[in-house]
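The two complexes that follow have chain A in common; it is paired with chain B in the first and with chain C in the second.
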Partner chain A sequence: MTTLLTILFDGVAYGMLLFVLSSGLAVTLGLMNFVNLAHGAFAMAGGYICAVLVNKSGVPFFVALPMAFIASALIGIVMEQTLYKHLYHRSPLDQVLFTIGLVFMAVTVVDYMMGSSQIFIHLPAMLEGQFNIFGVGVGRYRLMIIVICGLLTLGIQLTLANTRFGSRLRAAVDDPRAASGLGINVPQVFALTFAFGSGLAGLGGALGAEILGLDPYFPLKFMIYFLIVVTVGGSQTITGPFLASLLLGIADVAGKYYVPKLGAFVIYTVMIVILIWRPNGLFGRVAQR
Partner chain B sequence: MFIRRNTLLQTAAAGLLLGASAFAVQAQDTVKIGLIVPMTGGQASTGKQIDNAVKLYMQQHGDTVAGKKIEVILKDDAAVPDNTKRLAQELIVNDKVNIIAGFGVTPAAFAAAPLATQAKVPEVVMAAGTSVITEKSPYIVRTSFTLGQSSTIIGDWAVKNGIKKVATLTSDYAPGHDALKFFKDHFTAGGGQIVEEVKVPLANPDFAPFLQRMKDAKPDAMFVFVPAGQGGNFMKQYAERGLDKSGIKVIGPGDVMDDDLLNGMGDSALGAVTAHIYSAAHPSQVNKDFVAAYKKAYNQRPGFMAVGGYDGIHLIYAALQKTGGKADGDSLIAAMKGMAWESPRGPISIDPETRDIVQNVYIRKVEKVDGELYNVEFETFKDVKDPGKTKK
Partner chain C sequence: MSADHGVGEISLRRARWGHGETAFWLIAVAAIFVFSDRYLILTEMAWLGLFALSLDLILGYAGIVSLGHAAFFGVGAYCAGLLAVHGLVKEPVLALVVAGGAAMVLGFATSFLVIRGSELSQLMVTLGIALLLRELANKFSDITGGFDGLQGIVIDPILGLFAFDIFGKVGFIYCLVVLFVLFLLARLIVHSPFGLSLRAIRNNPLRAAAIGIPVNRRLIAIYTLSAFYAGIAGALFTQTTALASLDVFSFERSADLLLVLVIGGAGYLYGGLIGAVVFRVLQDVFSSWTPQFWQFWIGLVLVLIVLIGRERMYRGVLWLPRLVMRRMAFPGRSAS
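And then the complex of A and B:
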């Protein structure tokens, strides 16, 4: 019983991490209709920035995390203004080719600058190890992930649903022409959204380095996971990818624990079954245009 | 216009002549080595270490042997066998190299083997560790190690040291299977029991569920083989889950505790016992000098891949010395067979029958020395041959 709870806990932590990593992609793909395969590159940037700050400059881990968010968001906004902006109206194929090219460039640049071996972020001692709650082993680091990611999810959901910026964003996506006619600065809204999505990815990369490992191939290795989360969750809402991440995280961890021989396939099986059952994803609506 | 063309022609002709004469000089007095290693991609650290070690050796020993100038041509195959084959062919046909060397992964060494046989060019394997490689061509010589060498020894050691129940966690790819098979054979033959066997997918982001399974199996120790790059991640999660405190030791072949990464793993790696062919802490003068020179030149610690490269280039130098500069494949291979010398890892030799390396395997424990983590050797198994071949 306690083992089951430990597995559940690990699964939730893993799922939360997947969510923070992919939520930015859900935003660009779902809300802005832009296929950004280079999403993982922003996550990697955040991870490396955090690692350099903590390991080389001695910045405390909890200060480095928001800095990783801000730095990735800044990179995002620069890229959006210089490169991405010009591709919003191009066909998805152009977008895919362009962003996959960016991924390869990012991989090479990081390999050149940081070397190809895995790097680790030196964690404060308080985050290491496990403690027991009624016999259930709870990893401190994973607990922290759950707390941070839970708060973030709540924040994103509230921002999108209840703030003026959220309604502007939704308006800009649904009908850019009408929105700009109403005085909404559509390019600015898109730029901010893109930056926020990139920042989230960067934060996810920094948080995930400990669990997923961080090397220059990160964007390629995890691209498939991001895409699974977004396809399974459906890309129109934020709750969709959130529940999909949790489901996949738990299925992945439990699958690997109970049937280690099949472990790696469980996540794909879940994806296939869900997509056969609901081709637009768990919470996807039928395409409206 | 006419004049201009004329001068162009003349320059071209002069250039051709120069080129031809330069080539003639080269063909006589130069021995060319084509070094094919992964310098980019996931295996890049292997290639960089080998390249560094070769350069270091040539700095220390000069670039002439037996009157011949040694020229190394470095090529990057990114550990993709198709590239290896193409590059080896280009090197042999166009650059007329006398020796091909390097080979970061097993498939790369396989890809070049038929070319070595056809062209009668020695292939010096400096990294790849699958047992059968040296059987793929009579021109292959190995200066790295085989997985069997370390995995059988750790199996024997575990039995002797009161470890009875072991759970295994190995990566699901050829070297992982090799390591598991050799370990299991020796460990169970000695009376040990495998209580849990888990194969982890190679591209595995999170070890958590597998480690939980290990913990619940309550073994005396867990046998681990994951590719060098994942070792650090693995040890961190091992400690996070409290397996160190529940008394489950980590044992395995030494790849997991590569010197290259060891110091970055943090204190969770302390106490892990592995069997391997090289530790940067090996207490010999030769090794101390080697480590000091390597650190000075590249500002990092040499790992076992660097030693494989260092010994590989040494073998080539020594063979040339023995043949008096004769650089054809058959003479070189004949000279290399049975060659013995002291490497930074300890005394090693080339088995005259199998052309594979014979070396000591050391049992080491991760300890803190001067504030840094090192594999400290405490037991030696002398002159271990590759068990994949001695069986026959």
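And then the complex of A and C:
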């Protein structure tokens, strides 16, 4: 029973992390139908920036986290304005080729600068170890992830539901043409969202370095996970990807624990089945276009 | 020029064997004698070309995008490897056909999943299938050898007559012959009414269905055929290198393949072959610059190709040859 709860806890932490990592991709895919396979590269950038700040410059971990967010967001907006912007109306094949190219470049640049081995971020002592609640082992670090990602999720949800920017974004997702006809500056909305999504990915990369492992191949290794979250969750809502992330996180942790020989296999199979069964995602509405 | 010279006439003219094509294959044959010290890289070009040709069949002719074509390549490679290791089918050509058949069965089975849905879900499903197979090959490491790959692959002489030599000459000629035969077959297929109907589907599936083309059945057929080609390419890889490891299923292989086809251009069959030659030469040059980081340049090439625009790139590259051709066709007139 307690192992079950521990697995559930770890799975939730993992899932929340996946959500923060991939929510930016959900927006890119949903808003502009842009297939951004390089999303993981932003996460990797955040992770490495945090690692360098903490390990080399001695910046406290909790200061480095927002800096990782800001740095990734800045990289995101620069990339969006210089490169991505020109490719929104291209075919998915072009977008895929372009972003694969970016991934290859990001992987080798990081490999060149930081070396190919996995790196770890020195965590403050207060985040290490675990404590027991009713006999269930709770890792401090994972608890922190759940708290931070939970707050972020809440923040994202509230922003989307209650602010003017959120309603503009939702309008633009639903129908970009009508939205721009109503005077919404769709490219601007998209640029901001792209930057924010990249920032979130960077933050997720920094937070996840401890759990997911951080090496130059991060964008390739986790690309499929981000895509699963988005395709299974559907890209029209934010709750869809959230639920999909939790599901994926718990399934992955449980799968690795109970059927270690089949772990990833189960996940890919489930993804393919869901894609066949509901092409718009498990929680997605039926496409109106 | 009346309207009677319709589609049929034009497609017949297109299907005719041109001088350019003869020249291409003569150069390929000449490579046996000219580059006698570079057989390994030539062999690689040959099977990569065949692999790209298989992607061209679905991408260039039917408009199916795949991010996981390595799945079929891998099945062919492992199949050929296992047949050789366990001595089930000793003769390479026969093993080639069996390996292609295995990939074909997989292609047929998965085609139903792939032809459904939008381009995005096509990408996801093909990617997922390739990852799935890689995972399977990893789990059943007692059969596949896991990360170390299959051990002890020894390939018998081709047709019992030509043994593979240490320089790779026999291997290259073997690959070239297989490539040529399969190329001719593909050429026949894409210029047949079946091939034309595929192009109609690519251009507008709805309209194609409206004029009575069984869209799904045609797509399944070409996807299965493409899987067969990819399987053979994989088997050639294993037979000429005596290698089969998890790497055959890797995402990078599928991604590189897209680049190969994009370099050469999709939809006229030679694209994959030319792309394979250019890609392999580029790879060689890049890895001589920066041995560990050649992938950076490959990535840069991809990004640049997309930014420049594929259409514009081909126009740029083909500008000189077209000019020459036009001058030769109309010697008196200046090309305007």
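For this structure, a couple of remarks:
Convention: the second predicted complex is superposed on the first by the 273 of 289 C-alpha atoms of A that agree within 3 Å, B and C clash if a C-alpha of one lies under 4 Å from a C-alpha of the other, contacts with A are read in each partner's own complex, and residues count from 1 in each chain.
Rule of thumb we're sticking to: contacts are C-beta pairs under 8 Å (C-beta built on N, C-alpha and C of every residue); 3 or more make two chains touch, one makes a residue touch a chain.
These numbers come from a predicted model, not from an experiment.
Of the two partner chains placed by the overlay, only chain C lies in contact with A:92; chain B stays clear of it.
Of the two partner chains, chain C is the only one touched by A:35; chain B is not.
Of the two partner chains placed by superposition, only chain B is touched by A:215; chain C is not. When the two structures are aligned on the shared chain, A:70 is found in touch with neither chain B nor chain C. Using the contact criterion defined above for the overlaid structures, shared-chain residue A:104 touches chain C, although it does not reach chain B.
After overlaying the two complexes on the shared chain, residue contacts for A:138 are found with neither chain B nor chain C.
Of the two partner chains placed by superposition, A:186 touches none, neither chain B nor chain C. In the superposition on chain A, A:119 contacts chain B only, with no contact to chain C. By the touch criterion defined above, A:264 lies against chain B and chain C together after alignment on the C-alpha atoms of chain A. Shared contact residues of chain A, touching chain B in one structure and chain C in the other: 108, 111, 261, 264. The touching residues of chain B, when paired with chain A in their complex, are 40-45, 198-201, 203-206, 208-210, 212-213, 216, 229-230, 232-233, 236-237, 239-242, 260-261, 264-266. Of all the residues in chain A, the ones that touch chain B in their complex are 3, 6-7, 10, 14, 108, 111, 115-120, 122, 128-130, 137, 139-141, 210-213, 215, 217, 221-222, 225, 252-257, 260-261, 263-264.
Every residue of chain A that touches chain C in the complex is listed here, in rising order: 29, 33, 35, 83, 86-87, 90-98, 100-109, 111-112, 220, 223-224, 227, 231, 261-262, 264-265, 268-269, 271-272, 275-276, 279.
Interface residues of chain C, counted against chain A in their complex, comprise 59, 65, 67, 113, 116-121, 123-125, 127-129, 131-132, 135-136, 139, 251-252, 255, 258-259, 262, 292-293, 295-296, 298-303, 305-307, 310.
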